[in-house]
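Let me give you the structure first, and then I'll get to my questions.
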Amino acid sequence: MAEKTNLGRFFEDYTVGQVIRHAVPRTIKMGERALYHALYPARHALYSSDQFAQDCGLPFSPLDDLIAFHVVFGKTVPDISLNAVANLGYAEGRWHHPVWPGDTIRSESEVIGVKQNSNGKTGVVWVRSRGLNQHDEVVLDYVRWVMVRKRDVDAPAPKAVVPELAEVVPASDLKIPKGLDFTNYDFTLAGEPHRWGDYEVGETIHHVDGVTVEEAEHMLATRLWQNTAKVHFDAWAREDRKRLIYGGHVISMARALSFNGLANAQMIVGLNGGAHANPCHAGDTIRAWSEVLDKAETDAPGVGAIRLRLVATRSLAGGGLCKLRGEDGKYLPEVLLDLDYWALMPM
Amino acid sequence: MAEKTNLGRFFEDYTVGQVIRHAVPRTIKMGERALYHALYPARHALYSSDQFAQDCGLPFSPLDDLIAFHVVFGKTVPDISLNAVANLGYAEGRWHHPVWPGDTIRSESEVIGVKQNSNGKTGVVWVRSRGLNQHDEVVLDYVRWVMVRKRDVDAPAPKAVVPELAEVVPASDLKIPKGLDFTNYDFTLAGEPHRWGDYEVGETIHHVDGVTVEEAEHMLATRLWQNTAKVHFDAWAREDRKRLIYGGHVISMARALSFNGLANAQMIVGLNGGAHANPCHAGDTIRAWSEVLDKAETDAPGVGAIRLRLVATRSLAGGGLCKLRGEDGKYLPEVLLDLDYWALMPM
Amino acid sequence: MAEKTNLGRFFEDYTVGQVIRHAVPRTIKMGERALYHALYPARHALYSSDQFAQDCGLPFSPLDDLIAFHVVFGKTVPDISLNAVANLGYAEGRWHHPVWPGDTIRSESEVIGVKQNSNGKTGVVWVRSRGLNQHDEVVLDYVRWVMVRKRDVDAPAPKAVVPELAEVVPASDLKIPKGLDFTNYDFTLAGEPHRWGDYEVGETIHHVDGVTVEEAEHMLATRLWQNTAKVHFDAWAREDRKRLIYGGHVISMARALSFNGLANAQMIVGLNGGAHANPCHAGDTIRAWSEVLDKAETDAPGVGAIRLRLVATRSLAGGGLCKLRGEDGKYLPEVLLDLDYWALMPM
């Protein structure tokens, strides 16, 4: 009669080359989309209307890009980040195929790096996680690294392996959904007239709107992706008795808020990096601003790629200043998220 | 590099005859219905059971009448009421076709009246808004008028145009869903025995039940309809730091509560008028009462029309008194909503 | 002009042999499942993935076992427990057929016992409730007994009829879903390696995780099942001004939490008994532990039955002790639920 419950993995449990098949595949349909659109002010037309998607060359409207991300990520939590002290970063993320309503998604992760910290109590683990659909196609992959507790501080340190990661996914490596064609794009229905050519590298956009977040909402969201991290649900899990909001909730909220000014940044196809700069709690009011980091052409008709920094902040009434770091080079205390991604936009 | 974000239209931006195509069409399916039934105690059988709907001559259960209203209304918000000081009224609303799961709805509004207020700072704008499905059929239209801020108080007043609006949609103009037939109506499954003939003009019904509303719920609802008005989401948007609950949330809550006593008022087909008498906030307990205003026969087999006043109130424990206005003729402070609509009921 | 609203039935309104057809049939689809998985940390793979269900011999993933329970139960509330003082117990519950997305469920109850209490003010009513699908197949039935107020304390007591109820549903009477076959069960995808043979009668499992519950969540859940009991929604319904959380919300939360240690207890097929030991309110942190009460083989390939006691508790930070009753034999004050059920597990 062995102990039946899962207390999560510790630093010693990871070795480079190890592949972990994560549990609980998930069939996702339109119910998940309805919830996503109730949880976030998501309005990108391609993810809202079958007709609009068809006019852009797709068979119908796919599930939101970040639904794919959350579902894949959520499955990794019990094996990767249940005992994580911190979620340190993302890199080399790519959306390979849209996720369609009815698809069944499962996840697996390969350990690609380990490095014990000098304090001897924790270490950093790098994994490349993949989401696969029922046809065994990769729909999304990305690298994530987390700081994980050691079970036994006296366990010997493994040989340090630190993967070399691209700072940016090259535009030429982005996958464009099959059939995507923006040549007949309806800017009125999409909500804004600004096309790819209207954005300049270095331009910042303050997205105007804000949402004050509630405990019930972030827990609904986090559970929907079958993310089981205790700190999001159990008010007794942390000494401050505050539930921590899943970083992905902040990502989705900020991305949805960015509609106002980036309504035509329709599909996220690359994740270059990301930092959850400060914790977010219920009662915080999330706002967002973006910076255009780069632009690139693609082979798809009428489709440009735009590289954006998406910054989520909290509780700045009015706001309007697009500031990220203080004079010390550190993130300002009101910054929650600094995300670097590629999106597709009509040219 | 133009300013990219939308700060909404001001009074000067509206001219009579102007047609505004609103952004972000929406494909609605059963996920939205599941959420609607989680957000409101909706129990009208025609919107709950495919079988019941088929026994009433429909192919299957349509989406709730007020889902159609909220989806159409939500799309108009960024163009019509983002800078509205007040939502003044509704008139001439008709449901032309049921909205079926899978339909894609878009909205457009025609400006039919403008009148600057004597203070010179605001004006009233009248629009006729229409929801259209993927077959370009009008599923719903209604007139709404709002008070909107001027951008520039020194801008000259436009020529005042005040539309003539019907006080009541004539019963003969109501559209009955194709095939609707109440001759085999199952009153037991529907939940109450009272038929059209059992209601008398002037009769009032206190609907007994109450719901204490929460921030998370009204925000989920309002976002689901892609309504972007800041005051519903951003605790910093108003000086009192209170989020205002979308008036449509109160409408849907009161309509659902009216099941107890009006279980057979199955389908809303006409909106004669409505006033959001006082603001609603999280923590308020919403109750409802109705008054029978009129009755009419229809051409459809077994189908009668009933004109109802639906009043939502707040925080009256027990309640039971059906009072609307004080001795000064003004709405009582506990009245949230005074809605005048036509519904279809078995004869 | 009769009184139109339903104030619920009182003890005098029930007679043994009476069959009550409950109102408002309900078509349930994937939207309800998405919400269920947002409301509870539900991760049992059979209810998460069409592919996993197909690998277990089913045509696709059925709706969660407890969705069937809540939908059937919710319909009984207006007729059985609107004036109930207490929900006293359950017995002889069986899941006869899975509920598939698209099924339309209705409920009916037969009164099988009545007994006035010695105080003359209340009485106990026993009903056998059945849920039926659109093919008139029973999908679920169970006995429930409730304490109900008398309308008139001077009304004469009816002849007491107390039904004889089985303490446990015999394993041989459990219905196994047609086609179910666990011989190719994928334990990695299911999330845990423990099979039927690994569990011993008498073994207890503390499920580690906890969820702090919110008002918005339990109201969304309770409304989704069209359960109309006032105490769950109306903060003014009780003298303490606290909304009471629907006991079924606690059942679903505890069942979902039991995944950690019982990931392979895939399908609930029998309900032997249950007590809602203490009330649950928003702010409570729900935790759960289980005890293996019995085991039995079944005729289905690779499928074993396991009888489990599922106990939900509140606010025990850390927890870990599996205690049920105090020295006085009464439930400990932190115990919310004591449920006795049969589940199916791979052998």
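A few comments on the model shown:
Letters A, B and C name the chains as they come in the text, with residue numbers starting at 1 for each one.
In this text, a residue touches a chain if its C-beta (ideal position, glycine included) is under 8 Å from a C-beta of that chain, and two chains touch if they have at least 3 such contacts.
Please read all numbers here as calculations on a predicted model, not as lab measurements.
In the contact between chain A and chain C, the residue numbers used by both copies make up under half of all numbers at that interface. In the CA-based superposition of chain A onto chain B, the rotation angle is 120 degrees, rounded to steps of 5.
Inter-chain centre distance (chain A to chain C, centres taken as mean C-alpha positions): 36 Å. Counting only residues that touch two or more partner chains, chain B has 29-32, 34-35, 214-217, 220.
Across the complex, chain B is touched by residues 1-2, 4-7, 21, 23-27, 29-32, 34-35, 78, 102, 104, 106, 134, 214-217, 219-221, 223-224, 226, 228, 230, 233-237, 243 of chain C.
Considering their complex, residues 29-35, 37-41, 43, 45, 48-52, 60-61, 188-192, 194, 198-200, 203, 205-212, 214-217, 220, 260-263, 285, 315, 317-318 of chain C touch chain A.
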